[in-house]
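Below are two complexes that have subunit A in common, paired first with subunit B and then with subunit C.
Then we have the complex of A and B:
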């Protein structure tokens, strides 16, 4: 009886996983199918990946996506880690309030944030005499960093909370110079959290569509925006090919994060 | 410098850049949008604009916007309900019945797609739902000659796609809440003579309620603001408030109306968080 129940539970969990992965697998398989109309039977061909290699629009959008994600990673991780250190190592007035301010960027629908940025940047641009600066890669980057900052602060903060301030104080009491405390105590404590946060930041930016969509001027796009535009014109297996590559990159990144940082805020797995 | 001034400078220089960034990209833009929602001309028009309530008047006066809002809220409720019905049993199984490496592996597999591209995952459903898609082919092979199953561009397609997108949230929050329930409480209920079902209803379900509510909030809020998912999977049918806001900014270029609609959306979100706040607090930082 017990075994039967266990088998039922496993079967149910497998069904849930099938629901989560089936469409992605179908999409990936069809990227390797020769027919431009997704017609079956399946005939293996790399024609859509070859078409992709010659599609300048998609390649340029891909390059933009990677560049923005890298810049976002550097900026959001540095600024976020600094703020997390301040929260983790000092008590001060207004701290709770400041931490509460990290929720709006996560809780407000991206549609509202994206359109609000467009309006604000446009007004700033017009006041300066250049309304054109409202949109562009720089505006997209501004938005991505804003969305990534709360995640970075939470992830690095969770790591810092696992290690009391007393560790650094002890090192200082035992005669370490401030630089030695930083180099030998703070950095090793922070490192896994910072690496996980950086990967998160990259993923947040690389996958972000809504904000980029409103801040992208005609002709300059990121990968998700370009894919959205193509989907609305009609489906081609070329979109499957690029989507398959994106899914592999994102999932690969998250598998690396999982190695550094257990989901659910437990200690990092390398100890 | 005295130590306290030094500390103050340290805090200011550590937090300043991040919060300055958030001010310029989140808080000031939201304020700008609020201001725009009370103006009568789009900033795209080079004429001076003046104060008006017409944008909110348009919303409250036209039944069209009411039905858009109702559709969006209905969509949010359906997606939240199905995510709960599918996700809660999965979370329960993971928290209480599966152990060790299996649990870790399945958990990772459930969270993994969540961090992959949302747009791509929605696109992938078109391959499954369209005529000649996987569901259609499956039905045809079992019942030859059955009518073509083409779910693409229908309301159920939008619900399926959104449940797929947000299901991991529900599993994650319910799992955290269920895992925190001490097994001895469940055993106590059983040994005191309660049936399995009664124990579940009177002990497990109430204790996991904060997890369910966090999950519901995390799903409902983005769903009522969604526009990309209903566009790709629903086509023109079942227009949502989100789709209309997108149009005001990209097609019709009526930014003040779009801003007003965005603020109504934001108001709905705030009301929901206001109602759920007492429950969310209990869950603490888990969500």
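Then we have the complex of A and C:
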């Protein structure tokens, strides 16, 4: 009975992994297939990676996406970490309400938020007499930061809650200034949470389609927007090629994070 | 080293007074225990001295200097926390060095002083261990070394031994006392463990509802509690209610409400005063009552309700009239007195302590 149950669980987990990875695997394999029509039999060729290297639009969009995602990661992670520390370690007027207000944006559909942001930026632009500023990379970045902040605050906050305030108090009694306490105690302890939060921020921004689509002016696109546009025009395995690159990069990032987590978190007995 | 003086300390949380006018002076080099039920203000006072809490009113002076408006990191204090609060991302040596490092002490001196501290707490050789690789007792020692290495003026201990098991706790009590004596640092510690407080302290203060009920040497507070709360909180006590029926030769004769009479030092009592007397259970001697036994002052008759055996001692619950008197007896060779047997309880006049209700 026990063995049977074991086998059942194992089969189920394999099924889950197949369900998750099969489409990705097929897509990656087809990036190396010569046929532009995804026709079989499989014939290995790097033609779509070469085409990609010459596709300026896609590359430019990719660069935009990376730059925005990186900027978003830095800004949202810094602001969010400070906010999480404030929420977790200080008492101030209106704290409970402010914390409660962090939740709704996660639940509101991005389409609605995107529309709201577009309307808002237009209104600001008109009010200032420069309607042009309503759209652009800066607007996209602002939108992404607003969107990813709650995630950062939650992830860092969860890590913060795992550690007693007494650690910071102890540092203060030992003569550490508030800045030294933050840098030498809070930050190292929070580091795994901050890295995870940064990854979230990067992913939220890099994947973001709706807000980027709404706030992108003509001629400027991000990768998801450009991929969407290409698919509408009829697509080639170039899309597979760039997707494969993205997947490799993100999986590499995740592996680094997994390593770092063990490093900064529960390292035990192996020294 | 340093004297700490608290004057008129008041701290309110909403309408609750955590500290309601506390005056205490901690003498130079003294080991001082703050005792009381939870919410009595003892921890609030400790945290106010540390600087985590700002008093609404009152002042805290170390060697005459008012520190109550100085931020935590500029006060020269050492503190050991309940769960030690060792930095998990640093090894033992780094934990201890932290206070010197943030003060900008030179590396060579840091190394030397960390070594000295480890010697003091007898942990040499564990420099490279992480806190989680240490036992509870070792973590406690690291916390102590870390708190002392900066040569603070005052050492604050917040329930320092509560996370240890009983055996280790007793060992650490001895260790704590040894280290404290060796350095001679003024030490203030909070505990809810009365035995620990009595064992370790030069003096104790008993807190209730944000006020100091009584402060003094453990023996003075135990033997001469001022009121019902102090008598009941520190150790066990029987309470006898009565009225002074006469005074002769410095001794007051008190007629108990439940019948019987006791004698107590008269002090400033007057005939007719209603009094409450605290009587420690171990002061009473208990014996089987002969058939012709008669009650006398400080000698009453009762009946055993329960005899509870706990190894080195016995606890008797004795029915006297409609109330119960607790008696502790050392476990000598005599067999425990059987339940329902008639007994005589006797005790000296000096052990009847008149307390405030």
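As a convention for this text, the second predicted complex is superposed on the first by the 245 of 271 C-alpha atoms of A that agree within 3 Å, B and C clash if a C-alpha of one lies under 4 Å from a C-alpha of the other, contacts with A are read in each partner's own complex, and residues count from 1 in each chain.
In the analysis below, a contact is a pair of C-beta atoms (placed from the backbone, for glycine too) under 8 Å apart; a residue touches a chain by one contact, two chains touch by 3 or more.
Since the structure is predicted, the reported quantities are computational estimates derived from the model, not experimental observations.
Contact with subunit C, but none with subunit B, is seen for A:184 once the two complexes are overlaid on the shared chain. By the touch criterion defined above, A:175 lies against subunit C but remains apart from subunit B after alignment on the C-alpha atoms of chain A.
Using the contact criterion defined above for the overlaid structures, shared-chain residue A:118 touches subunit B, although it does not reach subunit C. Comparing subunit C and subunit B on the residues of subunit A they touch gives the larger count to B. Overlap of the subunit B and subunit C interfaces on subunit A comprises residues 264. Residue ranges on subunit A touching subunit B, taken from their complex, read 6, 9-10, 12-13, 16-17, 19-24, 26-27, 30, 38-40, 79-80, 82-83, 85-87, 90, 92, 98, 101-102, 104-105, 107-113, 115-123, 126, 142-143, 145-146, 149, 153, 203, 206-207, 209-210, 213-214, 224, 227-228, 231-232, 235, 239-240, 243, 246-247, 250-251, 253-255, 257-258, 263-265. Subunit C makes touch with subunit A in their complex at residues 50-52, 71-75, 77-79, 81-83, 85-89, 98-99, 102-103, 128, 130, 132-133, 146-147, 150, 156. Interface of subunit B with subunit A (complex): residues 7-8, 10-11, 13-15, 17-19, 21-22, 24-30, 32-33, 36, 43-44, 86, 89-90, 93-94, 97-98, 106-113, 115-121, 123-128, 132-134, 137, 164, 167-168, 171-172, 176, 221-222, 224-228, 231-232, 242, 245-246, 249-250, 255, 258-259, 262, 265-266, 269, 273, 285.
Across the interface of their complex, subunit C is touched by residues 163-164, 166-167, 169-178, 180-181, 184-185, 188-189, 264, 267-269, 271 of subunit A.
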